[in-house]
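Look at the two complexes coming up: chain A is in both, with chain B in one and chain C in the other.
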Partner chain A sequence: MNRALGAFVLVVAVVAAHLATGGATAADVLAVVQGHPTGLDARLLWEYGLPRLLTAALTGSALGVAGYLLQSVLRNPLAAPELTAVNPGAVLGVLGGTVLGAVAADAAAGSLLAALVGGALGGGLSWALAAGGGPGRVVVAGLLGSAVLGGLTTMLLAYQPSRFGNVLRWLAGSVEGRVWDHLTVASWWIPLWLAVAWAASAAVGVLQGGDEHAASLGLPPRTGRAAVLAVALALTAGAAALAGAISFVGLVVPHAARWLARGEPRACVPVAALVGAAALTGADALAQAATHLLAAGHLGHRLGVPTGVVTALLGAAVLVAVVRRERPA
Partner chain B sequence: MILQTRGLAFRHGERRVLTGIDLAVGAGELVALVGVNGSGKSTLLRLLAGLLAPEAGAVELDGVPLARLSRRRIARRVAVMHQTMPPVPGLTVRRLVRQGRYPTEGPLGMLRQHGHDARTDEAMELTGVAHLADRVLDTLSGGERQRVRLALALAQNADVLLLDEPTAHLDVRHQLEMLALVRDLRAARSLTVVTVLHELDHAARFTERVVALHRGAVHADGPPAEVITPGLLAEVFGVAGRVAMDDVHGTPHCVLDHPLDPDDAAAHATSS
Partner chain C sequence: MTSTHVRGRGLAAPPLPHAALAASAALAALILAGLCLGTPSIAPQRIPAALGDPTSLEHVVLWELRAPRLLVALLGGAAIGTAGLLLQEALRNPLAVPELLGVSSGAALAVAVCVVWALPVSAALYPLVGLGGAAAGGVLALAAARAAGTATGVLLVGAAVSTAIQALLLAVMATADRLQYDLLFRYLVGSLSGVMWDQVARTLPWFALAVPLVLLCVPALGLLRLGDEAAASLGARVDLARLGVLAVAALLVGAVTGPCGPIAWVGFVAPLLARWLRPRGEARTWLPWTAVLGAAITLAADLAARLALAPVETPLGAWTALAGVLTGAALMRRSR
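Let's look at the complex of A and B:
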């Protein structure tokens, strides 16, 4: 009961913070809830504020659960979408698809497909570089693969700099400027794979125990791991297509989720989704607040602080604390 | 026969670990696998569980080759007690034992909880670890860990139990408790048990059949009184010793004298 109350308070707090830093008033929220967003501010809330809020929540939950799945089945606390080349691959996929003309810049389904292909190639590159060295080595190979894919992304940007005026912000990870059209696919895609991840919690728990443990309990480890990694890929691609390269959420949130869920396998996925959503929504509220501060200094009209910058700064600090806590005795 | 191997062979890299193993285990039998370190006991156990693929030959479960059965179907019939715990930080006894229900509930088991928690509790009760249910694995003693591993295997509700050195790292009292527990569970649940054991006296007292492995092949197979002989001690274990009958239990009891040098052991093998 206490935990449910805590979760409710957390959700209300981050939603309120996001709405407030976005400039919405209680009257605007009421007008939207009543279905009559007629005033300018209420229209802005409906057209931009709420899609941005939903984008942050969906992206955060997708990355939080993807990170939990990766850390569990690769049995490495430093596994995360951005460190296994999956997220950099998805970002490169979207950019590459746009350059080749296969994907329209704002097409939700096309971006998702390009992110899926890119993410799968990134994950595959990590696996190939690991050369069968086991799950632990995949993370080291993932860092290498992420660097390679990051280099290719930079090369694309240098090749056609004029074509990607706003893309740097997206590359840093941003939920700014998302409207309802961007959410047509992600609004069912991400919840669908979150549900699959939750339903597969037992398999994830068994895979955490190692290959022989899983095989003894009737789960072929390679097949099981591949299936769970595919779910993580689907979630990561959904997040990348929506908000670009948000970092650290997929790395840090799973640690908090495991701690909050007290290791209960049925609770880990829902808690990772909730904490991920709250973390990215909270980070975006901070980004909005920082943007307002910069606006006061006459920079804000041109520079909205990307959410990814906030997650990177906060995530790095949290990660240092996590690594220190989990250091073997 | 519930478990049968035909011409089973296994190679680890260049090293031939097992060769030409023909073994038939009947329903309800309690069989001990004995032999020196590296003789292939644990490898044979893994082959019987289908965790390793043989280089040649086959393992059959009720006449069906394991290669033709899915991992999940095998795990519903055959449970393995390994020597090590899954290395998952913060995992509690209850959550580990609960994983024993995985072969029955399947990958989407979160959707069907009914009955599985009761089986988990029953397995913990049977092995005397119910009071440890909420303890984290890292905090358990060696004896407690062994019983938790056995509880995990029992939670699978399989009718074949394969135990890999269930008495390893236990003191004398806990060794006897563990083996008595296995013997009682076998009787109470009509289990078929194949267990790797290092202590010949334990094999003699707690099992009805001893299979001695030597250099990757079956050296002897039969009732303890026929298999455990001074010849076995010399040829398989390289030890000079005598075998007396224990008047209380009516089972063979080994009195070990000294290690034989390799030439003597080889000569003994040749002469016998």
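Let's look at the complex of A and C:
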């Protein structure tokens, strides 16, 4: 009960922080809630602030759950979407689609499809590199696959260097500048796969127990693992299509979620979604605040602080702290 | 931590004279191709005449553009390959490469900060700046990874620290002027475009400094190979020896990152190839092979970077990442 209350307070605090650092006041929020945003600030909140908030929340929950699924079925507490070549693949897909002119940079459905294709490419590549090895080998293959796809991405950038400025934010991951149009597909795609992941919680818990354990319970481990990985892929690609390569959310959030859910498999997925959403929204609030601070200087026309930078710095620090704490004496 | 030795199972390694002959022939062919190919392409038999006539266009192309670039590719590739071998041997992990230990990204970040924020640092000192960044990134990653225990854990924590440094690099670049992107791209991916003799002159002392240091490392590597306890029982100060080797690796990476940016994954694939060619060797035997193979791979990748989409230049680092990782993965799979 205490934890539920804590989670509620956390969500309210994070949303408030995000709105406040975005420059909205309580009056603007009230106007939007009542359904007639008329003032300039209220319009800004409706057109930019809220979609950005929702993008951060959706992306964070997708990455948190994808990371939980990967860590569970690969049985490696350090597995994460960005380390399994799915995320760089999805970024490559979006970039390739726009550079080759197959999809318009602003088309929401097109970029989601491109991210899915790219994410599947990345996942398939690490699958081929891992070639039936154990979970440790999957991790190594993911790292190598990420490097290959990163190389392809820079190749594309060299082909059209003028896109570098736009692509920089995809490479770092950012939720800035998203409007309602970007959310038309993601707003049902991500919740759909979150629900599938939740429904599959029991199977994930069984797979986590080991291949023999799963087989003895009648769940073919290879098929089961492939299916769960496919769900993780769909979630990661959805997140990447929205926000680019946001790192560390998928790595750190599942640890917090498992702790909060006390290892109860059924609770892990919704908790991971909630914590992921809160984490990325909070990180984006920090990014907004940092951008304001910098803009007070002489930043002028330059780009703000991408959200992915905040998550990478915080996430790396948390990861190192976690690894140190769990060190076997 | 385990040490994996690549032994060709299906494919036997060629005998030493053949391998040496093939490697030097390949290197010579690549050097010749590096001088001749491009726009304008210059027939090999015209090279002496062009070099002798300082007024001709071909002389400018050969001597002012292609020769310094060739030299930096050779030196840089050899240095990065050697750095990879030193890291892998010192940490006894075939995946301990500059890219995964924060070394490359640390060097790139340090140099990019100087460029973007226009810090009053002379370009001659960029190798020193890169060295500082490489050492800081490596120390950070290793300090964080110490606690991880297993080889995979070290790798993942190292990769995490690398990712964080990369994110900082992107943040620095986001504050850059749009006009600087071209220049900065190099520090993100590695490129040899526009390398001239003055850059060669600036980095040459660092390479010259590195050679005796690398030779000094060889006995230390032999000791570290025995394993920490055996080495300590022989009276070696294991931590000190490992630190020294890692410092030399950082020096090599820093010296390369100054002029070229990170040349990705050559430090991964060159030592693997050397081990595959000389499966029964040790660090001493692999060192020259790694240097030659690293130079050859980088030169080949630079050729591809210049010629593949000519007249547009593709980044060298992208080619080395593509070719290097795929080759390395194939070699590692064979060793399984």
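Keep in mind that, in the parts below, the second predicted complex is superposed on the first by the 321 of 329 C-alpha atoms of A that agree within 3 Å, B and C clash if a C-alpha of one lies under 4 Å from a C-alpha of the other, contacts with A are read in each partner's own complex, and residues count from 1 in each chain.
The rule is simple: contacts are C-beta pairs under 8 Å (C-beta built on N, C-alpha and C of every residue); 3 or more make two chains touch, one makes a residue touch a chain.
In this text the structure is predicted, and so the values were computed from the model without any measurement.
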item: Chain C versus chain B on the shared chain A, clash or fit after superposition; value: fit
item: Partner chain(s) touched by A:320 [first = chain B, second = chain C, both, neither]; value: second
item: Partner chain in contact with A:266 - chain B first, chain C second, else both or neither; value: first
item: Vertex chain A, arms to chain B and chain C (CA centres, degrees, nearest 10); value: 90
item: Touched partner set for A:66, first chain B, second chain C, both or neither; value: neither
item: Of chain B and chain C, the chain that contacts the larger number of chain A residues; value: C
item: First, second, both or neither for A:147, with chain B first and chain C second; value: second
item: First, second, both or neither for A:155, with chain B first and chain C second; value: second
item: Smallest distance from any CA atom of chain C to any CA atom of chain B, in Å, after fitting; value: 16
item: Residues of chain A that touch chain B when the two form their complex; value: 75, 198-203, 205-206, 208-210, 212-213, 215-220, 224, 227, 258, 263-266, 326
item: Chain C residues within the chain A interface of the complex; value: 95, 99-100, 144, 147-149, 152-153, 155-157, 159-161, 163-164, 166-168, 170-171, 173-178, 181-182, 185, 188-189, 264-265, 309, 312-315, 317-322, 325-326, 328-329, 333, 336
item: Complex interface listing, chain B residues touching chain A; value: 49, 51, 70-76, 79-80, 82, 86-92, 95-96, 99-100, 102-103, 105-111, 156
item: Interface residues, chain A side, partner chain C - complex; value: 76, 78, 82-83, 129, 131, 133, 136, 139-141, 143-144, 147-148, 150-152, 154-155, 157-159, 161, 164-165, 168-169, 171-172, 247-248, 251, 294, 299, 302-306, 308-309, 312-313, 315-316, 319-320, 323-324, 327-328
